[in-house]
Every structure is written in structure tokens, then in C-alpha cells.
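Got a structure for you, questions after.
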Amino acid sequence: MTTTTQTPAELEEFRLRARDWFAKNAKRIDAVGDDGSEEGENEDFLAIARKFQNQLFDDGLAGLSWPKEYGGQSMTMNHQRIFNEEASGYIMPSSPFMVTLGMCAPTLLQYGTETQRKRHIGPMLRGDEVWCQLFSEPGAGSDVAGLSTKAVQDGDEWVINGQKVWTSGAHFASFGLIVTRTNPDVPKHKGITMFIVDMKAPGVTVRPLRQMSGASGFNEVFFDNVRVPAANLVGEVEQGWMAAIGTLMNERVSIGAGGGGLGRGSGTPQFDRIVELATRVGKMNDSATRQQIASIWTKERTLAILGDRMRSSLKSGKAPGPEGSIAKLAGSELGKLVADLGMELLAESGQAWTKDDEESMRWATTVLGSPGGAIAGGTPEIMRNILGERTLGLPKEPQLDRDMPFKDIKAN
Amino acid sequence: MTTTTQTPAELEEFRLRARDWFAKNAKRIDAVGDDGSEEGENEDFLAIARKFQNQLFDDGLAGLSWPKEYGGQSMTMNHQRIFNEEASGYIMPSSPFMVTLGMCAPTLLQYGTETQRKRHIGPMLRGDEVWCQLFSEPGAGSDVAGLSTKAVQDGDEWVINGQKVWTSGAHFASFGLIVTRTNPDVPKHKGITMFIVDMKAPGVTVRPLRQMSGASGFNEVFFDNVRVPAANLVGEVEQGWMAAIGTLMNERVSIGAGGGGLGRGSGTPQFDRIVELATRVGKMNDSATRQQIASIWTKERTLAILGDRMRSSLKSGKAPGPEGSIAKLAGSELGKLVADLGMELLAESGQAWTKDDEESMRWATTVLGSPGGAIAGGTPEIMRNILGERTLGLPKEPQLDRDMPFKDIKAN
Amino acid sequence: MSVMSEEREALKSAVADYLDSTFPIDRVHRIANGKESVPADEWSKAAAGLGLAGLVIPEEFGGQGASLGELGAVLQEFGRTLAPLPMLSSAALGTVPFLVSTDNAAKKPFLEALAAGTATAALALSEGANQWPALTSGTKATKSGDSWTVSGKKTFVLDNGGATFYVVSASTEQGAGLFVVNASDVQREALMAIDLTRDQGSITMNNAPATPLALNADAQLKQIEDLAATLIASEQIGGADAILKMMVEYAKMRVQFGRIIGSFQAIKHMCANTLVEVEQARGAAEDAADKAAEGEDITLAASLAKIACSEVFNDATLTNIRVHGGIGFTWEHPAHLYFRRARSSAALFGTPDQHREALLVGLGY
Amino acid sequence: MSVMSEEREALKSAVADYLDSTFPIDRVHRIANGKESVPADEWSKAAAGLGLAGLVIPEEFGGQGASLGELGAVLQEFGRTLAPLPMLSSAALGTVPFLVSTDNAAKKPFLEALAAGTATAALALSEGANQWPALTSGTKATKSGDSWTVSGKKTFVLDNGGATFYVVSASTEQGAGLFVVNASDVQREALMAIDLTRDQGSITMNNAPATPLALNADAQLKQIEDLAATLIASEQIGGADAILKMMVEYAKMRVQFGRIIGSFQAIKHMCANTLVEVEQARGAAEDAADKAAEGEDITLAASLAKIACSEVFNDATLTNIRVHGGIGFTWEHPAHLYFRRARSSAALFGTPDQHREALLVGLGY
């Protein structure tokens, strides 16, 4: 991140430039609840997103605060903030690039070799390279450091065997950042190494993972003797855990800050949606319903205030605080409240509906998506541990596995 | 407990006898919420309770299922059940004897010497001896086995030093069951010994412990070189933990089963009380209020059903299950619901009132009593541990102190 | 913490054995996904073997003459296994209206067919969402000579696709009536349903020939609604109990951070809270079923059971997914089948909010 | 996660130092128990030293001319310490009506006395429980010649016992009005209060001489209610934050089962949940105070703040007792002082339920 100063006039000029760009290139959000984030991540949507990102890059509006030498604009966080402000109200079809730009690229910028950065950051910013993040495993969910995918050195290459899971975008990604176990004889956090892996390499199998709602944005990825050149090592051998933590913290900031422009604006879409439903079923005068609807408004507004405060705080140069975890917990509570009230208001028609009743269908999707929404990206229990230990300074639980060689740890 | 069979006619005869006795000797519950349990435990109330218990004993209705040789009636659990059924609807001023008869006497019956039983059980049943239970300590609350009150043998006596807390009735008790640490060099559960202690002995100081509500049913008890004859040992030296667990389980069954007749009957007193309040403040037509009032009814009824099922289960000879802990958790949830709704309905007058407004005063007492009600007798967290580990069979947490000599354990 | 009689336990256990061997959850999952189907004669075999189809049908009509308490116990097992047989829809909901009716001649042929398992009944009361107890105003029954016909539309009918005949409420010139209509005389429409293990649909009747079961039947209809709430609650508590076991089993097996996750208080307490809710709701469900068996007024007990069982089933199925973490919200895991069933059942025969309101009315407020 | 300016942080910190040294919680506890009393000149000393009494009074009237944002920050510190000084009652609630009024001549003497700390004001709006926003119908103001008198009764007045004068709402022939009435002209009655750290009472006025601050003042009264909710919310969030710190401190120190109890997930997650609530409510409280400082319409923001801060303060004070276990519900422990304050503040100037209803109305529904 560069920190050159800029005059208010320069910033204002930039704002007008961004405003102009959005007016020309983006679609306004007009439907209730339509913030562009629910369109899924299929190939069609990827094409739209890529075109959008290409344009952004070509017009010098991608990677605003990233170094010029890798394809960024070397501008300031203030430019980014202004860009985000102008973006609100427009549909930003950027979700296929969230992992690429929000998690993988920052990790490469920090831990990658010069060759890796020169090679990849530009295409990432341009939307030409989609990346995925290969961390979670079936046996290592909340306990990411418990991973067991192996990488073994073989001459100038490493050979990877194992399985990853919950990989967003693996089915259209060109590359992935993978963490592997390269030394099982040291404690679990100490034997982990990170690589760049070509997702089209022989031995990589991507299988979509269908969620309970029927959606399948996640994948399982199998590695069967996948060979990776030593040049693809990210950071040092057996130092991959720190890089992985960095990636995960970028994820949290990225989700929290609204993912480089994917902010949901200042509206109260869940409130609007529930009011529409309550009005339709004739419950807007029922005080029990009203209390709950008002609670949805308060939670949504509070989350918006939290987001604003987080952005001002980041803007003023403070280190990111616990806001990401707080927002995640508050967000899943809001999600549950909305799903529960929606089901109560719809009554029988929330659980069975005619084919043409798209509204009930959408509500069912909301209800079926809400449990996963609370878990993906870290369970509420893990969030509470993070807040309790890192923010409040409460002691960790006795950790039986912390100093034990990985191979001796009790596992699934 | 004797298990002699009895004919239906004998039981019916007993029922009529009990019914007759209550009609002659007890007062009917007529005021809403007045189940006799809120009258506190002062000396006046003790005199009333003692008179009542004397009469019960003299008329052969105390200790129904306990052995005749110690002053009981050697009847069956069916007699006890019938007695309890007949008791419902009457005020039972038995609370000063709950600890004595529900916890201490059963422990003496199981672990005491023949001399101890002959000496104490009769006077306990007659209401002449009130006992207290000296388990909790300031440093050992949820972790009762972490107690540090010491007992050291000195010839034919033991010398006790330390402090106990949360002792109900210590200010009018003649005797107490105390658990002490007699060996700090073995793991914590293994160095505990139980004694009978004369509460009037030199060196025993009882200090009432005022609760946040202003009530003071509990005490702190200090032991300063209190000498106890070796004959007062209950069970074996260093085998006191098992006896203590027994006492605590009796407590749970006793509370759960309605404490030998102190059952709350089949009514819904909290519901009745909240309906009265909601009616008075004109909220009985407000649907948000109605939903909550109905929830109070459902929880109260569910608790009553739980109690009935527990009694039938005990009656049919099954071992007591997790009902005590379940009822305690459900009961404190109900308490919170009632306190919260009461405060919302009273609005400003729940937090300030004129001297003659006894209703507001009573509500304030409810609100201020509710946090303690949830904690006393075991916190919700401990209840959940018990249910999770004993009932569901989930593994215990890593216990760092389990096999460590007591003196090496980290303490407050 | 059950207080069932030994005979009832024995029946429950026989049904459990049959369901566990015939409909293990993997098979239910395949059936839900349309990869396998239930043999057409499975129900009549179960009827012959365990007497499930005619469980509460009096012996004089070929049934077992068991009480509603037994029916509740059996429904718990169906709820536990999600077995795709019309136990709730036909042997419970579709059958109780006949028990409520006093017209022996009218009900005889239907009950005999039901008891044999050669026919299934479906209860068709609802005329639309957010109306509970169900209205009858949208369905008219008309008498012409000695015969009745019914016209109108009913919806949210369980196991609609397989029903042989329908028990339909309708308005007549003398208040509400209860009629039987053959499936061949109605037009069926399938609904999309959140519950993948039980089909649901609506029927349209245009002057469909109908056999009257009861006329001037407002009181009977109320009784049927109460029984329906009680019976579905029994099924719900069975599901919730299965889910409690599922989460506990996973919590005892899954390792993270070098420990069995059930040793973490967060997980342990989620399980304990579910246990607390389950035991309370079980009490409420069995209390209602027992009162129904005794012929007592179950207005309050039914509402209590439906509230408690809906809430615990909803809560437990969500908690179970939380305990499982990622794997719990995949399509392949059976957790969502129960999650879906819970949300469906909670909405049928009165939502918790509707029953709470009904409780206060029933209590005179 | 505060986003306060440095100046505001400095003021907050100076006030914190003063309160921590002058009113440590042990002393507050003794004062609450009547074992010690606050020196009569403490408030005027604080007024002279830190300028607390006249914090938001314009400089032309002898005050500091600070914004409502600063006032909110200072009130957080008073909420944190429960300091028994009339900061909320007089310097906040008793002062804002004067800021809303445009009658400079009328307000001058009162504001000067307030700023000097030689007088304290009390806001007397309420005429009874369960009426929010407060009615004025029970209090009549009558003009005779050039002078006004007020008759009626007001209640739930904070720091009633020490007030020098009252700001009273009353009905006049032309709508609602706002008046100042001297304490010497009213009859005071103390109320029993759940909050032991702040007295509360009612006043009866019989033709009490009154100075009008605003007539036709319905809009101003609404504004004062919104400001009152915002200001008490600032105090509440300070209290909740103190309680979060108290529970965390105890959880880091107390040992059971050979472990610091804060290492148990049950305790850790209680603390984390409180943190989550506190940070959200802090955002809501500061957002409302900042909007008020900017002169924006705070109808919605004030309700949001009052709801969030009431709920977190109530929840946190209960959780804190749970974390403490037995010791937490003893009289000697300060936990209950906050528990009591929380329940008092939640009920004043609109309960959470009342504000939720108001929010929907404010949003046009």
C-alpha cells in the first residue's frame, strides 16, 4: 500500500472519474434484495464478471492501492474508499474475483517471489486469472492447521497428495494457493508449506459440492500425485502457517470491508423484504410481528453502522480490530431472525408452493441457505474463541496437540 | 426404602387418613403465587414449621418410607406418592427441613454409623434437629471437590479450620454435615473426609450472607480450630467425596421431586401472576405480550408434566434420571422470562414505586432474585456439563487437576 | 425418560426394527433424490405384518384397535427414520376422522380398506396458507336426492400423490361437514415442497361424488384439528430425538484440535440444551397423546405439544448442522432432510405462534 | 473500536481519571448503602474543575459550549462508574430543554446557575408508567397577566431530591408548553427505587409559579424525548462496557477445576457474546449522539440506541453475575448495582418494546 499524499481536489477529481465510470459501465441496483451477490457463480456469470473486471483494469481502476509495477495504480486507501462509495448503488459482479483479489493476491504480494508477483498479479487484476484457496480439508475444518494433505520433494518438484474441501470457484480457477504438510514430525503449525498449484495440472480433480439448498458454489478438490515445480513455493518451506493466517485475515477484512466494492450499500434490504412479506400476508398490524420486524431493522442498521465505523477506522490507519468476527456473528443472527420470521409469516406456503410462486421459492432458498451462511468462513464457536482470546485476552483452552509432533496427534 | 407390597385398599385407606390429616392440620393455598415457599426462613417461620413437623411425626406421617427402627414408618414409595398428592393444594411449611430431610438424613442413612442413625434420624424427622450442609467454599463453588477447609487428627478428635459459604439454615441449625480436606498429598477427590459438626461448638461462627435482593437465607460459616470427636466421622477417612456426591444427588432429586411434599401443585402460578399484571396495565390484547404470556404458560405446564413423569418414573422403581438438571435449567429459563416480561409490562413502575405499591415491590424482588435462582444449587453451565457428560455420555474436558496432588493444583 | 407401558415399548421397538432394516437413512435419502422408489406393496406388507395401517382402527373394522397413545409411539419412530410410508398421512391423519365419526355404515368400507393397507386416505382440510384452524368456506358440499357432491379446492395435503381417497371438510347448508371423496374424482396438483421425503399437493373438486362422514360437524372438525396437531407433534418429537442422537454421535467421534469435539463445552452445551428441549417436548407430546387416548379434551395439550415439538425440532435440526460444521450442510449428509421436515411440520396444523394465541383463547383470555 | 476524535478522547479520559479517583466503586457502594454521602460541594467543584455541569451550555451562558457528542462521551464515563453526581439528570436531561428553547432571556439565569454548578435541574416529563412519549394532560399551565402557574403531578424524576428547579412539560390552552418551576414551589415525594445509586421521586405542583421556556412546544418535546433516549443510552453503554471489563477481569483471575475459568468455552463465549453486543450498541449510541450534535433528525437513531443499549446493559449485567457465580449475587459485590441501574434505565424514556414500535411508525409503517 503506498501512502503518497493527495490533495482534496485530486480526490474530488477521482471521485468524478469513478462516478462517471460507474454510470457508463455498471447497472444500478433496483430490485429489492438484488445486490448482485445472489446470482451464483456459474460460467455465464463468470463471463460477465470477467468483462467487467477487464474494463475496470483497462480504465485504470483496478488494484487502486496496489503497486504500479505489478499492474496496480499505486493510489491511496482514500481513493479506494471513494471508489467504494461511488460503487454503492451499483451491481458489482465481482464475486468470482473475491478470493483472487481479496485473499490470494495480497498473500502473493506479501509472501510471493518477485517472479510470482510479476507473473500473476497483473492477470489477476485484469480478471484473466481466477484463483482459489485450498485450505480446508474433511478432517481439518475449524482446525485448519490440522491439515493432512502431503507434499513431498522429488528433485526440482514437489508431489502433492490429499483432499481439500469448501473450495469456492475451484471449477473455474486457473491457479490455487494450497497449504500442505511437508513435515509430520514437528508440531502441527510448524510443518506446513504453501504452494501455487496449477488447477489444470494432471492429477487435480474438482468435484462440485452440493449444499443443502441445492446450490453448489463450493468444491471438493482431489490431488493425486500432482507435481508442482519448486519455483511455486510461496514463502519458505515449513513456514506456510503464517502465510495461511495472513490469507485468512485478509479474508476476514475483505468480507468485513465489503470485499473491494461489493458493499451492500446503506439500505436495509432484509427489512424491506420482510415488510413486503408481512404486508402481503396482512400482518403489518400485528404487534408481535412488528416487534420482530423492528428487530430486523435494528440489527441491519447496527451492522451498517459497524461497517462504517470499521471503514473509518481502517481509513484512519488503525489496525483492523475484531469487527470482522463481530459482523459475522451479528450477520448470522440477523440471517436466522429473517429466516425464522419469514417462515412464520409464510406459514404453510413457506414449506410447499406452486411452481409459479417464486417468492416462496426464494424464501425457501433463504431458509435453507442460512445454516451454511453461519458456518462458512468460520463457525460461530470459532468466532467466539477468536473474540474471547484475541480481543478480550482470555486464556486459551489447554491445547493437548500444540507441541506434539503432528503424526502423534489424535485425528479423525 | 422398604418394598413391602400393599393392597389397593390399604393405599386407599392411607389416602383418606392423609386427606383427613391435611384438612385438620394444614392451611389451603388460596392466594395467587402463595405456595408457602416465599415466606423466608426466619425464626418465626421456623417455629411454625417445627410445630407442623412435630405434629406430622406424632401422627405417624413423617419419614413414610424410612425404616421404623430410626423413627420412620417403613411404608412404600406409593404411600409417599399418595401423601404428596394429598399435600398439593396445602401450604407445607417444610422448607426449613428440606436440607435436613432431603439431603442430610439420607446421607446418614447410607453412610452414617448405627450410633449416628439412632441418635439423629428420629429428632430430624420430628423437626427437633435442623441440619445444614457445609460443602461450598469461596474458592470452591462449581468445583466443590476443590475445597480447602482442613481437618487434622489430634488424638481422638479432629480439628477443623476453614470457611464454608452458601449454607442455608446455618443460623438455626443444630448440626451440619461438613466435607473437609484431610490429605492434600493425593488427588483432589481422594483426600476428602466428611464429619458431623455441632454448629454450637466453640470456634464455629455463622454470618448471614446478604443477597442482591436483600434476602439472606444463606450464610458464611467460619471454622476456627473447631474440635470434632472421631465418632462424628461419616463413612471412612478420605472417602468423603462419594458421600458428598450422594448428598448432592439427593438434593437434586429432592428439589426435583418437590422436596417431600413441597410440590408446587398443578397450577400455573407464574402465568396467573403475569396475566394479572398484563390485565392491569391493559396489555392483554397486545399480540406481542400474548405470545410471551403463552410461552410462560407452556413452560410452566411443561415443567409440571416433567415433574409428573419424574414421579411416575421414581414410583415405578427406575433410577432417577437427568430430570433434576433439566428441571433446574427449564426453571431458571422460566424465571428469566417472567422477570423480563414483568419488567417490560411494568415499565417505569417496575424500577421505582411508592411505598404502598406492594405489587411493584414484589416484582422487584422477583427480578432481583432471578439471577441467584439460576445459580444456587449449581450454575446452568454445571447443569449442562452434567447432562452432556452423564446423560449423553460426551467426553469430559481434559482435566488438568484430576490426578494431581491437591496441594499442587492451581487455585484462587 | 419415557414412562411408557411395557406393551407400548414393545410395539415401538418392533416398529423401530422394521423401519431401521427397511428404511435406513441412506435409502430414504436415495428415495428423496428420486434414485430409488418405494415398492408399491410396501405399505400393504407393513399393514399385514405389523398392523400399522390399521393400528387405531377398531377390530370390528379389521384394525388393531390400539389407542392413540400407541399411535403416538409409532409415529415417533416414523419421525425418527423419515420412513416414506403414509403412516402419518393415512394411518393417523387420514384415519382419525373416521374414529370421530359415528356413522358406522358409512365408514365401514373405508376403514376396512385402510386397515388392509390396500387403500390410503389423505386429510384435506386446508384451503390456503395462514388459515388455522382451516376454513371450509371455499369448499361447498351439496345434497341432491340421497347423494352428495363436493366442489372446491384443498391444499397442503400430505402424501397427496398416493392417496386412494380424501377426507374433506366442506361447508353445507347446515354448517361444516366431513366427506370422503375418491381420488379418481379429483384433479390433483403436486406442490414443490421443502420436505423432500413426503409429497404434498392440492386437489380440485368439481361436483365430485362424496360420502358424508359427519354433518353439523364443527365440533368434530375442531377435534380433528387438535388430534392432527397432537399426531404430527408425536412425529416431530421422534425426529428431534433422532437428531439429538445424530449430533451426540458425531460429537463423540469427530476430532479437531486433537480432541473429541464433544469435550468442548460449546459443543457439549449445544447437545445438552437440545436434550433439555427434547425431554420437555417429549413430555408434552406424550401427555397430549395420552389425554387423547383417554378421550379428554386436548385443546390445550395439543397446542402445547405442537408448540414444544415444532420448536425443538426446528432448533435441534439447526443445532445439529452447527455441530457437524461444513459436512452438515452438504446435500449428501442426511442432516438437511430432517431440517427440511422440521420446517415443514412446524408450519402444518398451526404454527407455534398460532398455537400460542389459541392457547390463551382456550384458557379464556 | 472507537472512532472518537482525539479531543473527545482526551476529555473522556480526564473525566475518567476524576471519576476513578473520586468515586471508586467501593465508595459508590457505601454511598448507595447510606454509609457515606456525597459532599454538598462535589458537583460545583466538578463544575469548576472539569466544566462538567455546563459542558453543553453555550459559552455565552458560562458553559463549555461542547457538543452533544462530547456529552455522550462523558456520560459513558458516568455510566461506567455509577458516580452519584447529577451528570445525566442535570447536566444532560435537565439542560437540553434549554438548548432546544429559543427564549434566551428566559433561559439565561438558569443556564448560568447550572453552568456554575450552584444549581441542578431535573427533567420532569412523565405522568405515569407505560406512557411514552410522556403525556402532558395531567399537568396544566395557566397564564394570569404576565405570569404562569403550573398544577399537576410528575413522576419518575431522576435525582429528584437534590434538584434546585424542574423543567416541566404541561398542557396549555395552545398545546404543550415547557416550563421551569422552582423546587421550593413543589411538593416532593421520594420513590422506592430498584437503582440504589440514583434517587427518584415525584413532584406535585399546586399553582406553582413557572417560567415558560417554550410554548406550542410539541415539536420541541418530541426532540427532548429523542435527546433523552440518546443521552441515557450513552450512559447505558458506558455501564455495559464496564460490566464487560468486570466479567473479563474475573474470568481471567478466578480458578476452578485447576484452570482459569476464562479458558472454559462456556465462560469465554459468554464474554465474547457480550463483546459483540457491546460493540454494536456502542456504534448505535455514538451514531445517535453524533447525529444529535450535527442537528440531524434523530428519531430513528435515538430509538435504535435506546433499544441496543438497554438490551446489552440488561444482558451484560445478568451475564456478569453468571460469570461470577455465587459471589456475583451477594449484596457486597458491586455487580448488582449495575444490574439494578440497567433495569432502571431500560424502563426510562421508552422501553425497548416501545421504541421498536416507535421505529416502525417512524419508518412510515
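Details
Read from first to last, the chains carry the letters A, B, C and D; within each, the first residue is number 1.
By definition in this document, a contact is a pair of C-beta atoms (placed from the backbone, for glycine too) under 8 Å apart; a residue touches a chain by one contact, two chains touch by 3 or more.
For reference, the UniProt names are A, B, C, D = Unannotated protein.
In this text the structure is predicted, and so the values were computed from the model without any measurement.
Looking at which of B-D and A-D shares more C-beta pairs in contact, the answer is the pair B-D.
Among the other chains, B has the CA centre that is most remote from the centre of chain A (Unannotated protein). Centre to centre, using the average C-alpha position, chain A (Unannotated protein) and chain C (Unannotated protein) are separated by 41 Å. Contact of a single residue of chain B (Unannotated protein) with at least two other chains is seen at positions 287-288, 290-291, 381, 384, 397-398, 400. In chain C (Unannotated protein), 259-260, 264-267, 269, 353 are the positions where the chain touches two or more neighbouring chains simultaneously. If you check the complex, the residues on chain A (Unannotated protein) that touch chain B (Unannotated protein) are 286-291, 397-398, 400. Interface residues of chain C (Unannotated protein) facing chain A (Unannotated protein) in the complex, by the touch rule stated above, are 126, 128-130, 132, 155-156, 189, 191-195, 200, 202, 253-260, 264, 266-267, 318, 321-322, 325-333, 335-336, 339-340, 343-344, 346-348, 351-354. Contact residues on chain C (Unannotated protein) toward chain D (Unannotated protein) in their complex (touch as defined above): 264-266, 269. Chain D (Unannotated protein) meets chain A (Unannotated protein) in the complex at residues 1, 3, 248, 251-252, 259-260, 262-265, 267-269, 271-273, 275-276, 279-281, 283-284, 287, 300, 304, 307-308, 353, 356-357, 359-360, 363, 365.
Only residues 136, 138-143, 146, 165-166, 209-212, 214, 281-282, 288, 336, 343-355, 357, 360-361, 364, 367-368, 371-372, 374-376, 379-381, 384, 397, 399-401, 404, 409-412 of chain A (Unannotated protein) touch chain C (Unannotated protein) when the two sit together in their complex.
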